[in-house]
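Chain IDs A, B and C follow the sequence of writing; residue 1 opens each chain.
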Amino acid sequence: MLEMTLDKSKVQEFLRLLGENRRLFAPVKDRMGTKFSEVADPSLVCLDGLNTNLSPKEVVFPQWETLYTFKEDHANEVKLAAQETLLFGARPCDARALGLLDQVFTWEGIDDPYYLRRREKTCVVALACNTPGEACFCTSVGGSPVGEIGADVLAFDLGEQLYLRALTERGEALLKEASTLTEKATEEDKQAVQQAAAEAEKQLQAIPIPKDLAALKESFDAEIWEELGLKCLGCGTCAYVCPTCHCFDITDETKKGVGRRVRNWDSCAFSLFTLHGSGHNPRTTQAARYRQRVLHKFLYCPENFGEAFCVGCGRCITNCPAGLDLRAVLERLSSLAKVT
Amino acid sequence: MTKKTNEKMGGNGWEPRIVAFLCNWCSYAGADLAGVSRIQYPPNVRVIRVPCSGRINPLFIVKALQTGADGVLVSGCHPGDCHYISGNLYARRKFALLKSLLEYVGIEPQRVHFSWVSAAEGPRFAEILGKVTDSVRSVGPASKMIKKFEEVA
Amino acid sequence: MKQVEETLRQEVAKLLEDGTIDVFVGHEAASLPLKTSPCFVRSPKEVDRLVWNRICTSNLATYLPQLFKRPVGLKGEWTPPKVGVVAKGCDSRSIVGLIKEKQIPRDRLFIIGIGCEGMIDRHSVGRALGVVGLADAKVDDKSVQVIGTDGREKRIDIADVLAASCRECQHREAVLSNLTIGETPSSAPEVSHYANVAEFESKSPQERWEHWVGELSRCIRCYACRQACPNCYCEECFAEETAPKWLGVTTDLSDVFVFHLGRAFHQAGRCVDCGACVAACPQGIDLRLLNQKINKDVEELFEAQVSLSLEEAEALSSFRMEDDQSFMTEP
């Protein structure tokens, strides 16, 4: 396992070097805190923020993309090429979310080429969190502020320097590519990292997570959805900011004999999400829609993939215009599960 | 026009495409009269007949601009002459706001035009078209609002 | 403020007890600092959930129409509930608008008006903190004391983080109510109206276009702005209609423009500048600059005020013979 350190003063050079033959995505300052952006100028990269307001899933799963184009009676495939990409500074929850998305887009042996073309070319350097954000609860859902899942390299901010640990072959190759700028990590560095990791984990709140799937199933008809449904505005915010939400819609757009088939993000909170062509809508109320969001993550995904599809990033909580808090909902569901 | 500006405006031979929404009872009849009276007017308009200027959803105008029109003309009966009594008067308020809003977001005001033309005003209709076409021509091909598609072989 | 909150709870308890209302719509504390959530109180025992403070920013009128919809699938008789609601000036104007547009019945509403000194805009507080999060906050009459997730404390003048709409608000008391509580708010601020719009209008067309390209490129089409707006109650929004299909569903900039022009336009003569759309936007887009343009034109061209009384006709459902025609090429 390759363990290196990089002097903070050399981060820009490091990114410039690695960005030479890659697209570089990293957090930059934004009016909403920070956001992931394709950066040409590494001096703009800002590693002082917490997790970005929007998740980096856009890098591998863009909000919309053309699947193919068509003209009159024939279709043209789009070229499935993607460029080598470096996703730098994703927080461990976001890296872990990419791992979850991987499961969806390769589910039951069916690969999604549109997703995989980008994902396979993306090297993820995750940045461990020293201080969690106001709504973070990664440890409660099986993650960690210093988690390694989904990342190729895990970085720690040690004040004067970044500690970099290669986790995969791709990560190792990446670090080797920049070896002129880094030093081998010393025992002292490694100890500092261990200490930082312990400190970080301690700061996170523990939220009760309903794990009894049978009890969760029972909650389908529980009263709590009614009130939550009245509060929920039915916007797409929580799904669009979430690093693990992956529902999409496919539509055709046409113009004078030519057209394209596009897929774009969708949200189960929208009333049109389940509207059938016939006009029938099986999810008639916002309560049912909000329930879907929670149960999809905490019941159906565990059934299908063996784990909950929430990495505890807190974005749906900080951004919900109705002040809904998933943590509180989970807490209520857990106590519900206990009585039933 | 210098060669350069001409190119910028779409090169030689560029002609503005203008969508005209005309109300059935006055302006469409006015256009018809211009036609049967053999009055020359610019061939740049594509006419869409609507029952009343009050039928024109402002989105029609926005949508025309998105779909590739270089300009839009909306015309209805003179105030007081509306076949449905007041459709044009309600419409007038909407149009005033829309015109102002489009200009506000940076769309050239020369692209969007409104007029009243009665069934008897054939020559006037031709005149207005000339004016509108010149106005749209002066700002060149539209690009801002137009939705672009991938090149499809 | 604490006292108004107490009075509010008492009044609501009375109303629920004597059967004047079946449910009360108010604000309750949300788990994050400087955030509230709408709440639906159905029994006098629950009134302590209700809060009244400087972060009751959202427009509760948005939550009313759903209560008057017949539950889907219900067979037989159904009487709509009697609903109580607490209203600031802007909420009350939205309620007036909704009553006029027949989305909520006046006779089944009990409105408690509270004078308002302006609400805090959470995005502004976030901006004051920079890239770190908001760990905790305390609000008093004059300031907000915040602690960032980096542990740093900061005292912010409340005037600096008031919602933009509140800074210019001219109607701080409910325009329609069954009961008002609390003190009369201080008089409306002397501000030049629509200063932001006038300033923007003075820019060149290219600058204006580029501004909106920049703003609207941020839009993720989450529709939080629409969903938070009391006026956007359409069962099917034009943005999602498929026959005709007005626009695509992606974030193609052209489609985003059509959406925002359409959304703003549908507010013509209806927007009360409550700021709910701005507060809801996860991307911090200044939608007010668009809304206020239309409000300014409505006021200047038609001398109309939005939803101040039940009697007045809305600007776009009325006309005057002598309305302005100067925008026309050939009137």
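Methods note: a residue touches a chain if its C-beta (ideal position, glycine included) is under 8 Å from a C-beta of that chain, and two chains touch if they have at least 3 such contacts.
Since the model is a prediction, treat every value here as computed from it, not as a measurement.
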| item | value |
| --- | --- |
| Chain whose mean Cα position lies farthest from chain A | B |
| Innermost chain, taking as reference the mean of every protein Cα atom displayed | C |
| Where chain A and chain B are represented by their mean Cα positions, the distance between them in whole Å | 47 |
| Chain centre separation (chain B, chain C; CA means) in Å | 36 |
| Chain A and chain C: spacing of chain centres that average the CA atoms, whole Å | 31 |
| Residues within chain B bordering two or more other chains | 147 |
| Sites on chain A at which at least two other chains make contact | 253 |
| Chain C: positions in contact with at least two other chains | 248, 252 |
| Chain C contact footprint on chain B (complex, rising order) | 58-59, 62-63, 66, 73, 79-80, 86, 89-90, 92-108, 113-117, 124, 128, 131-132, 135, 144-148 |
| Touch list for chain A against partner chain B, complex | 66, 69-71, 76, 78, 253, 255, 258-260 |
| Residue ranges of chain B in contact with chain A within the complex | 67, 147, 149-150, 152-153 |
| Complex contacts: residues of chain C adjacent to chain A | 30-33, 35-40, 58, 62-63, 66-67, 72-73, 123, 126-127, 130-135, 149-151, 220-224, 226-228, 236, 240, 248-252, 276, 279-280, 282-284 |
| Chain C-touching residues of chain A, taken from the complex the two chains share | 29, 31-34, 46, 48-50, 53-54, 63-64, 131-135, 227, 230-231, 233-237, 240-241, 249, 251, 253, 262, 264, 267, 270, 272, 284-286, 317-319, 321-325, 327-328 |
